[in-house]
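Heads up, the next two complexes both have chain A, just with different partners, chain B and then chain C.
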Partner chain A sequence: MSEPNKASIHLKKRRIAISMGILFLLGLIFFVLDIFLGSVHIPAGDILRILTGEAAIKVEWKVIILDFRIPRTLTAVLVGAALSVSGLQMQTIFRNPLAGPYVLGISSGASLGVAILVMGFTSLGFTAVLDNAGNWAMVIAATLGSGLILMLILSVSVRIRDIMTILILGILFGSIATALVAVLQYFSTESMLKSFIVWTMGSLGNVSSGQLRILSFTVLLGILISLASVKILNAMLLGEDYARTLGLDPKTVRMIIFISTSMLAGTVTAFCGPVGFIGIVVPHIARLVFKTADHSVLLPGSLLIGAVFMLISDIFSKLPGYDQVLPINSVTALMGIPVIIWIIIRRKKITSLS
Partner chain B sequence: MHENSVSDKKMPNLRLIKGKLIQPANWFFIFIVSLFYLFATSCINKREKASQNLPDTNSVVSEINRYARGFSITKYGNFDMLEVKKPWQGSEQVNFKYLLVKEGEIVPDSIRKGADLIRMPIERIVCTSTTHVAMLDALGKTNAIVGVSGSDLITNKEIKERIKLGEIRDIGYGRELNYEVLVSLRPDVVLIYGVESEMTGLIHKLKDLGISVLMNGEYLEEDPLGKMEWIKLMATLFGLGEKATVLFDSVATCYELLKSKTESVNHRPVVLTGLPWKDVWYVSPGNTANAKFIEAAGATYLWEDLESEKAIPMDLESVYLKAGNSEYWINTGTARSIGQIVSMDSRFSYFPPVSSGKVYNNIARVNATGGNDYWESGLMHPDIILRDLISIFHPELLGEQALVYYQKLQP
Partner chain C sequence: MSTENDILVLKDLEIGFRKGRKIIASLLSGMNVSAGRGELVALIGKNGIGKSTLLKTIVRLHEQLMGKIIFSGRDMQDYTASEFSSLVGFVSTEVIRVGNLSVRDLVSLGRFPYTNWLGKLTPDDHALVDHAMEMVNISELADNNVSEISDGERQRAMIARTIAQDTDILVLDEPTAFLDLPNRFEVLHLLRYLSEEKGKLVIFSTHDLEMVLNEADKIWMMTKDELIEGAPEDLVLNGSFKHLFPGSKAIFNKESGSFSYPREGKKEIILTGSGTAFEWTKKALKRKAYIPVRKGSSIKIHVNNTIDSTEWVISTNNKELKVYSILELIKVCKEI
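The block that comes next holds the complex of A and B.
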């Protein structure tokens, strides 16, 4: 290897390290901002006093910071990171720039579960059972729904070799779920519909502290699996045949990635609803920022960008200073789509994956 | 009157002309004139006949509503003209006019002015809201009901029984109405309501099918008595206007009497209402019947100053802050116990009414299929709802009273 080449690699590494540092800093800044900004105005000094454990001037403020804003901000970080990482994995496995965390039909499956719970069960008179389950009912329903679709996908992917066929089957399974949801919607009353529609719009602020523990545990585990599979992801990028020459069994690889994706996207969908666009947009931003196809860079990069993106979206959705709120899904779409259009127009095409 | 006076004048004039012109010389002229006479008198006869059925259109009487703002009833002689203003949220520009026409009556265009006709007598009626059922029940006209929408939501036992027997059909819910069933019921009128302008499609469809429609907007009234007053509109369909007025006036008197008792209370507790959807609280504004009830019951609605057409989605944290000074929490959606409320979101335990156990819900009369009589017969009994609320907020005022629509939520 010649000297200038070494130098350029060194330069590139430094640039990557600096970008990571900046992203981490941005993450910290928006994390703090997300806690400091909200519908209720609380002076910054008081927030600091609350955070350092001093007695607050108003008990309500302490509750707002500790029970409302901090869990919500942590949820935003987890959701952003999980969806971006799983989106990147899916884009690599399917070698498709428009793939995202939901191509396996996870969100459609979760919607089906929630739709049956909200619109089907209530009509059948199971209301009493559900009312006592509180906000766990929707979480369990969403998990069962996406689990069902995942089982279908996994059982198919053991038998079918061609990854594109799996992609198409995923879309088809998802469409069946969507069609069933439409049937349920057709026969439901306004209040059931409202309850379901509100779920599809996503929410970050309804995760209780116990649920936050489960969410963070599953998301961290999913991210650990992805980080451990950086090498196989890099190999898969060059094609399944190449992976096979390295001694990797494509079907096993797929299984590992599918499992980590469903842990990430499935749990997020279960607790927060189908939060859109982050999973598709963020990996592209990461490729643009780091100008590499190496997953050891793209994966942590997507994770950080996803967290920052979600924190910003959350701040917008809270409309600081106003009592009103916007649905988080609309904010991620309104922020995400211009970014993706800008990338396409600037590069004249979607950033190539490799 | 005007048309009658014209024809009365013409008759003698023509006779006079005839008398003058009877001259043997001009047969032809006589012939022509006789023809003209025949023609003229036959016309006059026809006119006279028509004028017997013609209403006295000079007398225009508008009944003045005491509380309701969304409709008006105007009497053009024998005709009742119903006008429904603002049939759904934010529809100030829209109004519907209906002219009630008895069998065999001819409608002069001067009155009709583009109004839809509803033919009387009304013997077969389809209700799309439980409130329509309640109004018909109060008028003693439930026997006219042949179809309902969303039979699960109805609590009226007689109607339930007749649905079971197949005498009343369920025509489906919302926009997904079963038109074939609807047409086969041959309704004289379909009572509908609209949440948004989506109902215009249904209205046109029903008109195409030759079915009369009457739009109801009672749910938009900002006063509980205003809602009930819509029974006057319903009553005109059956010519029961006086019965409705008597019924309404007695309930209104009762309501005002109860309200006057709370005017002197020293302590007006602050009341929170509703339940959020996930972390978004759709706050009902202060210019609604919900808020009016609380105010009339000698309490203060938490958002009494908030004016809006629709419920406003608010962040849970700002609701929490505002709810800090609330004493009571009412109308908690589907929640049947305080435990259920806390299981939806553990942060509700910080709300003062939850810790003090002062949570009440209007679910005392919910049936097995999920229908809540509060939204049905409650429309016709604002006085009883008010009595319930006064007993909750000021138990000392009315003495021992059993709650009817409300119940205290158990921990």
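The block that comes next holds the complex of A and C.
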């Protein structure tokens, strides 16, 4: 009996390794494509020359590649990975296939944090704060905002066992945040309003190299925490009671996952706006591809698929060859929703946690 | 009542619910029972009496109101979470439906307390998981998803998970609920094996009284006043079972060890004959509220076993009739 067992485990491991390899390759291909494609056509040879540090034919090409396209592409990778990983975590913790940073109102919380900063503080005359410590202030505001919403949901979820109730409460908390944002919008000037609205549409292009450093740091830290929580996420699959009989404290688990999710979803939302659907869709694609519930596979899998998904979305949003750029949020929704519909129709239900 | 050998002792235990510091419902207090290695303990009691709460209290999922729970001489609260997880395994009534979770992965979760921070299984862990699956006879389904196997198979997989957890004590909340008869027997047989052969203390709650009377070493019977402890036979003999369903019309029959509704006898019938068919005829007549007697009735039924079949001869004062099944027999009796 143990020999065929070993064989089937081995086969499964090999299939997973191959899938991971293919995803990684896809990631590389789209990473390169995302750098090569854009509104301004730059010949491939020139791009290679710029990348290898040779003198460029046109100075503005060098600026476009080094200061715009590369940071933007890196941002896409980070955003896709971060949102997918946090979505997977949320689906496991809440044992709900429709959970995700966006649905549970964490992004609304981040919006509130940013709205208070952008429209609240500046209207009180604290523009200097925003100029000097803009990056960190945004990160902190967004993290606090998303953390607040997650904290509310978790504190309620300790008392209520029914997952649908928690989900509805999540939507309600998100709506409160949205309402508060609306109040702030009502009292802000046109220019502040516009900059906030543009922020809500999402953008991968507004991240400067300096900001990219902050984004990478927080996202990598958040992902490290999630990777370290692979074991406890697996234990949470059976629910909190079983997790406890395995020696886990569900409150500690919630805290850890809460910290990493608010770091991932919060900062991404701060820099790029509330990018939707990735967090819900990608974990399901990962389950479809890897056919496992094991987080040591699903987590890196979601990370890679998320990055690929985001790179493709970004290429679409840049409308290569045209002058216009689409808001990234619309592209992810337009790409993500058909995937959800396809999964539902094909499998009759979302294969996941319930 | 408790001896040195007992690895679980409940001392003046009170269970119930509290809200903050206030006790809002006390289910039962003054519980004093114990159990040792190798014992199969059945917890019985009517719905809502607090069986699940008691079991959850024992596995530390629920806080007791008063009293102590002592494992191997140490208060339950003195164990760290990880120590406790290698001492007590638990199977709840919750039906686990996780997409893409294979039986093997489910059973592997039992190794959680022993694996490293990444949860990586060593070759020894793999061997233990395989062994646990073999023990519950589920190895062929190792790569199937838990959401795609039958209720009985899933219950066995959940038990395999606790076997992999390698605990001295196993607590199961209604492990045979929702299962058909063969699966119920299989699960109970498995629990019997784990206690008898592996020396574990197995505690499970159930409503299946007949099975308990045949298989359990010890019964903990929960009534609204007390938790009664004893061998199944003791509880039969001292008449404890009549307290099991207070207010219900069902009566416990000491001879057969089963509950039944009392029926008013209508008519006496003389029943003669022998063998299995005779016993079942008696049972059928009782069900239809006839009183089988030896003499003193005008109706007489004789169960006649021939070589290859059974016939029933019904005779009254003026006629005689032969039928070939109990169904026909009952029909004829009705007409008389």
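Assume the second predicted complex is superposed on the first by the 280 of 354 C-alpha atoms of A that agree within 3 Å, B and C clash if a C-alpha of one lies under 4 Å from a C-alpha of the other, contacts with A are read in each partner's own complex, and residues count from 1 in each chain.
Convention: a contact is a pair of C-beta atoms (placed from the backbone, for glycine too) under 8 Å apart; a residue touches a chain by one contact, two chains touch by 3 or more.
Predicted model, so just to flag it, every value in this text is computed and none were measured.
In the superposition on chain A, contact of A:Ser296 is made with chain C only, not with chain B.
With both structures placed on the common chain, the touch criterion links A:Gly247 to chain C but leaves chain B unconnected.
When the shared chain is aligned, chain C comes close enough to touch A:Arg287, but chain B does not. In the superposition on chain A, A:Trp342 contacts neither chain B nor chain C. By the touch criterion defined above, A:Glu190 reaches chain B but does not reach chain C. Taken in their complex, chain A has these residues touching chain C: 1-2, 5-6, 8-9, 12, 228, 230-231, 234-235, 237-239, 241-242, 244-249, 287, 291-294, 296, 351-354. Listing the residues of chain B that touch chain A in their complex gives 150, 152-153, 173-174, 176, 195, 277-280, 283, 312-318, 320-321, 324, 334-336, 339-340, 342-347, 350, 368-370. Taken in their complex, chain C has these residues touching chain A: 59-61, 81-82, 84-86, 88-90, 92, 94, 96-102, 104-106, 109-110, 112-113, 115, 117-120, 126-127, 130, 134, 139, 142-143, 165. Chain contact summary for the complex, chain A toward chain B: residues 38-40, 60, 63-64, 67-69, 72, 122-123, 125, 127-128, 131-136, 186-187, 189-190, 194-195, 198-199, 203-206, 208-209, 318-319, 323-325, 327.
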